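Following are the structures in question.
Below are two complexes that have chain A in common, paired first with chain B and then with chain C.
Entry: the complex of A and B
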């Protein structure tokens, strides 16, 4: 177990920069999730930490030791692969004990540690089977078992749940979180699934095209996304982001006008933004509510799709100027396709992004820079 | 008619052609050969036919010193040594061709093309070329070895009892190694990168990775290749016959050449048939044992 630091990590393939000056501090015992869309460099970053890729510049420090010149086999990190990568000709027990065998650990101790890991993962009955005879979920557990028995300094996970079906993925997510608590381990987890990031992470690193877009606790990223990209990536359904113009700037709020003419006061600091600037207005589906009281900030949408989920209902609609808007309301609502309804944003929960897609600083909620539990 | 009977009729219909083919072109000649081996049929007396002599030929065979020497030549030199050398060299060459170094210098394609040259050479051409190369007076190899001072006077490689087997095996290996190498290369390329990476993360260096990832993955290919090579080589006639004519004397005589010599040089078709039956018997036994012991186990793991 150890802390891990990435200092100015850069990875180039020829003229293509896969990782551009990445700086992250990961504390001992922290569960860090690296998220981003396909091709953002998240797997490359994980593989660089593992030692499976050589970085072009920068430093990777595990504990007190700079390891970026150390071969993967000597870094003492364990990795769980997306396709499990179990040794097909070895039994489950041999798969799990392989690293210890290589390291020259006595047979009795290997057995004891393999059995202990198998007990934690509840795969004791499978120890004598070959990977071929296991289901996807069982293979996943064995892959984790292989990492656990090593008691590594840091666990690395490369999209470990992406090959499982939806129900199993939820189960494994919960188990992984439990495992993190039990093992007292530092874990770095790569995924493109924001739900996994939100539910498991102590800290989320959002990557975009090889650069860090934002680092923070899940709720920080949810409430205070630094950019339209993070805002769109974190949270499900995605945040509604529509074009708007700045109509007025005051000490307490910035007033924007949507394309359909609706005026909305958003309690953010204007910064460099001036009246007349083109900006983006963002509000999450769960922060829009059906409005019947004639609130001035409410705007009209024509409902296109209704998804009743029982506990909540998701409406997909278009504004009069053609932007798609998603609304998530609790419970069931009596709305059908083609209805025109008014929806009102909860103003403190709204966001404004400038023309460079950077968020204007929130003022009302007073939670800036602090983790929200 | 129920479905099962219908299926059965379909199966019989589909299998019938190959079954008939086997009966006429395999079963019938084998039976005939078995019959001949029990007679004193001579190539000069085909019309009269032979008289039945019972197991006399087999008794002669099994008490003949020459036969055991021929058997030893076939099993040890022709088959054993050449197959082992090809498997080992083939694996080594495949690892080399698959290496990152070759890839880095973009030599992969050219080296694979070069590898095909010996394979594309017909055995008869290969043997003739090698006979010239190994020639005692004009041979390039003698000239080269004398130039660099390894030997003082020319060696007639194919006529000298000390060098004839190594020389013969060299020809066989040269001509057939590419197939082995390409088979192993295909096997190597199908090893998932993730397995090597997982082993690397587990702390395994190149040697551990070879024995725990690469070799187990290649095992089915090695088993199959070994089996095929044994069958091809054990039954092979042309390399020995063209290169040495079973000589010097009968020093390199093997079962396949012995059949030819007994039947078409000495005219003893009956005796020659008996040798053929023994040869087929050995192959059959070998095949059964091999599949039972090794092949099935390897396949169960991976397939």
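Entry: the complex of A and C
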């Protein structure tokens, strides 16, 4: 196992820049998740690390060795593909041992390593089967087994759970987290699913249009998103972000005025904005609560959709000025479509984004996000 | 023609049921097409075991195997063996070249690829008869007349364009992740092609090889031009000998035609039924 460094990694296809000056340090044993919307370059980044794409500029260092000019198979990495990519004409055991066979490893050792990986993944009874005789989850395990037997320095996962159904995806997510602990391995995992990112990662890299938007621990990104993009991408349901105007600035907070006239104090550091600036106000659905006490920062929404989920209820409503607001409240609530309800934000958990979508620095709440250029 | 399926009004508009008239019409049409396709083959098979006297009779049928005895006494077995020899070697060479060429066209990016692929396909558009004279002159100069080398080379050349075209299309259905997984596993490009991709594309290869074999099996023009020695002649040339200047031995022609179909069927039917589809199952999601 080893650390991995990406230094100024750039990938161009003709005039199109798929990856723009990517810098990330991944520590030994770290589980790093690369997230971003479709087309942001996350798979290209993983494929560049794997050696399936040649980078246009920069360096990829595994351990102490620059590997960006080294063939894929010699980089000491193993990749689990989105579509499994199992060899359909080979048995599970042959699939798992193929890389070792190509490398000229003695058969006895191949068998021993395949059996050990099969034991870890609990697929020993499947070793003589062909991939077509396996379920989706079993194929996924075999694909992981194929990576494990190579004993790589770094595991690469390219959206490995995206083809599984929802229940199996949750199970496999847990399995993968266990596997990370068992193997004590450095893992890089690409996904567009922020839930996978939040639940599995030690560190999340958020990509947008080939650039890193923010790097940080899951809770760091959740509490201190560096931009409206990250704020919208991390967290489910996504953060409510509505236009507002700075009404007052003090040492302890900035007061913003929503379009419906509601005034809300947000605890951001002074000196980042001025009265009259156009900004965006952000608050997560779980940081809004139904208000019956007449809180001054509460604003009214007309409920459009009610989603009772048992343990919580999600309300979709519109403000009087037409912005959509999502509210997540614990338990069941007696609200029906068309009701007008007041919702109040938890002010310490609110965010302000400037006209460039960058977050204004919050007053210290423990963690601190950083925007990477 | 009326739609075979109509909405079931009593069923709330969503369930569908067959329109019986349309179904019958479709069956009749299918039967007519089937008759049109199968009749010549059946007629040849029946004609090959009828005596010459009753061959064209609509009222009488006398069974005989004399036509088969006639063609084998006339050395038709030799022609079949010659054809098998030439065609099998040419198919193997053509297929190996086509598999490698199609892999490059399917997977590699290089300058001039579209132009090169277009030029390969252009070879298929070229009328063979134009090639006969220059090839004859060339083969005469280098001693390839009355030699299977020249004929096999010609057959390989004429079958490659369409084979490449078919295989490039087939390779598009083979997931590229398999190649990439093989690359990660340490395979060279050659190993990736022959140990991973080739087994997966085998149904396409069999289909292509079948096409190439039948193309060569029935080829007449090049064989006529390049082979003049009787002991070297291939099956289509052997078939012609039953067409005399004054009369035609139709019974022998039909028996020879029936025999001609057998090797192709014997070689490819078992392969086709075994390999058609299903080999990529399990490779990727599903």
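In this text, the second predicted complex is superposed on the first by the 363 of 373 C-alpha atoms of A that agree within 3 Å, B and C clash if a C-alpha of one lies under 4 Å from a C-alpha of the other, contacts with A are read in each partner's own complex, and residues count from 1 in each chain.
Quick note on the criterion: a residue touches a chain if its C-beta (ideal position, glycine included) is under 8 Å from a C-beta of that chain, and two chains touch if they have at least 3 such contacts.
The structure displayed is predicted, hence computed values, not measured ones.
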item: Side-by-side fit of chain B and chain C on chain A, or clash; value: clash
item: Contacts of A:187 with chain B and chain C, given as first, second, both or neither; value: neither
item: First, second, both or neither for A:50, with chain B first and chain C second; value: both
item: Partner chain(s) touched by A:301 [first = chain B, second = chain C, both, neither]; value: neither
item: Touched partner set for A:133, first chain B, second chain C, both or neither; value: second
item: Which of chain B and chain C A:83 touches, first, second, both or neither; value: both
item: Touching partner for A:73 - first (chain B), second (chain C), both, neither; value: both
item: Listed stretches 4-12, 22-30, 40-48 or 58-66 of chain B, narrowed to the one that overlaps chain C; value: 22-30
item: Contact residues of chain A, present in both the chain B and the chain C interface; value: 50-52, 72-74, 77-79, 81-83, 85-89, 98-99, 102-103, 130, 132, 146
item: Touching residues (chain side chain A, partner chain B) in the complex; value: 50-52, 71-74, 77-79, 81-83, 85-90, 98-99, 102-103, 130, 132, 146, 150
item: Interface residues, chain B side, partner chain A - complex; value: 192, 194-195, 197-205, 208, 212-213, 216-217, 219, 301-302
item: Of all residues in chain A, those that touch chain C in their complex; value: 50-52, 72-74, 77-79, 81-89, 98-99, 102-103, 130-134, 136, 139, 146, 163
item: Chain A-facing residues of chain C, complex; value: 175, 177-178, 180-187, 191, 196, 199-200, 278-286
